[in-house]
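Two complexes, one shared chain (chain A), two partners (chain B, chain C).
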Partner chain A sequence: MKELVDRVFLLNRATGRFEDADLYHGLDSTNLAHIEGRWRPLFELRRREAKASLQTLAEVNAEDAHWEWGKKALAALNDPFLFDFFVLECGGSTQAILMTRKGGQDCFSRHPEHQRLPLIYVEFLATAPWNRPKLVAEPTYKGAGRALVGTAVSLSLEEEFGGRIGLHSLPGAEVFYRDAIGMTDLGADSEGVHKGLRYFELSSRDAATFLSVQH
Partner chain B sequence: MKRTMTLNLSDAEMSVLDAMCEEKGLSKTALVRQALRLYKSVDDRLARGEKVFVESADKSEKVELMVL
Partner chain C sequence: MKLHFTADWLRSHIEHDPDVDCDAGLPLRDAAPLERLMQERSRHQATAGQPSAASEHKTVVLFKLVHQLRRKDGLSIAQLAAKIRVDAAELEKVEKDPCYVPGPRTVHQLAEFIGVSARAVEQLTAASSAQNDNLTEAAHRFAASSDDLSKLSQAERRDLNDFVKVLASIDKKNG
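Let's turn to the complex of A and B:
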């Protein structure tokens, strides 16, 4: 159900050392068990704390706490023609998860440098709650989200899409995609299923820059 | 896992494939993959009873897209 495709490094913030992380194509019941048994309780705890202190979910970096990965996995497994799943494992836990789409109306570029060319659309990307600044006081691993963005770029290159990727960001993640990854902010959708969310794209040129930088 | 197949095309068909690959900057494999995804997405919509239309640039004409 999943296949090891690469090994990357994550910075353990507590020790200051890099650790090997396994990148898998696909996911299995172990990953879903990690998400339900380890991610969700932490999300729930912070959600309740945020509510009690009148903070928004964006302010505690937990806007995606309600995502149901089991349902998403089922949808992807039923349609491997369009969807791919990737998980990143390190330290005995699932550290991040990514679902991509490679066909359909979201898979065409809006970027002025190459409008209408095909791209990989990032349906969902999430890192484990214990890796998130603002959600926990001392995040564990750094680099999990960036590693999976790199995975989407690699998939785009493999599909001959020039490294182009696109996504709609939750408000709390906009700064990450814009400033940390270097994606272009193409504004909020005014209609459709992503109405109100800002659309970001990594152009072919920016993808090359992203891949050339040592992280 | 990826599989390999042999595709038999006429000269005319191969010319179109070559020209489109050149125009889109894609290999034959990538172009066929994209064409298959497009075909399937249209076919899925038609199977649900939806219709796909093509509109002229000046919006004066709109025709229904017919596929196999």
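Let's turn to the complex of A and C:
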């Protein structure tokens, strides 16, 4: 089940034009079919190509999903309403998915400005493989990350968390979260499920800046 | 949910953002993990109304309901007990012991304080086997909504009010 939140935009890199994109709260079988039938084959193709050319899977942003997914499923079983899904649809396909958590593990700030205050934790932000500059030579849409981070910040404000969000960036996306979004890099986790990934947080103050600054 | 950014803001940033990857968290390569999550979520919702699974949620909700009502009005346990004329020790048990089933008088007094039927409050205790799907769903949403902050947030107040509305819809003539 999903419901429309709003209409946003993505930039079609090929045409240089913005296209309408529907932002939904929740996801349905159509989105799952897109991921299985459209995302997965492209990931598999690029993984085979990367291996043949001796590239690492991290270099092409196509690492394996790891066993922690099982733990997330168990957590979702225990607290199903702590998790929210958002999907971006554009051009007849699912362009990106966001999964957030609003309570429990990982939902407390590590930021020195307000340690332990509650925040929205981004369990994952995943874009379609054809939108990833590291994965394909000519990526299609640009802007899914910006729209979904804006959605997570909006959810944080709606929950009265002051716009605070936290996430673990995948390798290669750090520059986006640090330089484009303006999140604080709080270093790589030395243990736990996100070991080796850098943790970023948007403080309440930075969330206000994030939403107010316009080019 | 309302977005806190404008179309102009989004357009201008997309144009100026670097052309880099933006993926975070758990890698998503196929639909299998999401299917499992959705199945477990559906299964949880489907079984929540069964007596064996529901009783724990009912007591947790009663605890939360009393706790949130106190926070909303800024009352201590002793103050609320005095206000509704029940034993403070029993009220404390309601909040602290998820398995505790309050006596009929306490249920009645709590219901009067909330402005709902005693039957509605009784359905939130472990002693009740009757809880309709609507109440179960509302109870689960309410249970997941609150956080342990000292003052009720606007969202928490809204969730509390929504939940009380569901309780209020339960037939008062049976209270």
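We take it that the second predicted complex is superposed on the first by the 195 of 215 C-alpha atoms of A that agree within 3 Å, B and C clash if a C-alpha of one lies under 4 Å from a C-alpha of the other, contacts with A are read in each partner's own complex, and residues count from 1 in each chain.
The rule is short, and it goes like this: a contact is a pair of C-beta atoms (placed from the backbone, for glycine too) under 8 Å apart; a residue touches a chain by one contact, two chains touch by 3 or more.
All of these numbers come straight from a predicted model, not from anything done at the bench.
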Query raised in the report: Looking at the overlay on chain A, is there a clash between chain B and chain C, or do the two fit?
Result: clash
Query raised in the report: If you stack the two complexes on chain A, which partner ends up touching A:82: first (chain B), second (chain C), both, or neither?
Result: both
Requested in this report: Considering only touches as defined above, state whether A:109 meets chain B (first), chain C (second), both or neither.
Outcome: neither
Report task. Mind working out whether A:184 is in touch with chain B, chain C, both or neither, as first, second, both or neither? Result -> neither
Query - chain B versus chain C as contact partner of A:176, first or second or both or neither - result: second
Requested in this report: Applying the touch criterion given at the start, work out whether A:133 contacts chain B, chain C, both or neither, answering first, second, both or neither.
Outcome: second
Requested in this report: Determine, under the contact definition given at the top, whether A:118 touches first (chain B), second (chain C), both, or neither.
Outcome: both
Report task. Check whether A:160 is in contact with chain B, with chain C, with both or with neither, and answer first, second, both or neither. Result -> both
Query raised in the report: So, does A:204 touch the first partner chain B, the second partner chain C, both, or neither?
Result: neither
Report task. Check whether A:95 is in contact with chain B, with chain C, with both or with neither, and answer first, second, both or neither. Result -> neither
**Report entry** chain A residues touched - chain C or chain B, whichever exceeds
**Finding:** C
Query raised in the report: Once the two structures are fitted together, what part of chain A is touched by chain B and by chain C alike?
Result: 81-82, 103, 118, 159-160
Report summary line: The chain C residues in contact with chain A across the complex are 1-5, 7-38, 40-41, 43-45, 140-141, 143-145, 147, 149, 153-156
**Report entry** Residues of chain A touching chain B in the complex
**Finding:** 81-82, 102-105, 117-118, 159-160, 162
**Report entry** Interface residues, chain B side, partner chain A - complex
**Finding:** 24-27, 30, 33-34, 37-38, 40-41
Query - Interface residues, chain A side, partner chain C - complex - result: 5-6, 8-11, 18, 23, 25, 27, 32-33, 35-36, 39-40, 43, 61-66, 68-69, 72-74, 76-77, 79-83, 97, 99, 103, 118, 122-127, 132-135, 139, 142-147, 149-151, 153-155, 157-160, 163, 167-170, 172-173, 175-177, 179-180, 194, 211, 214-215
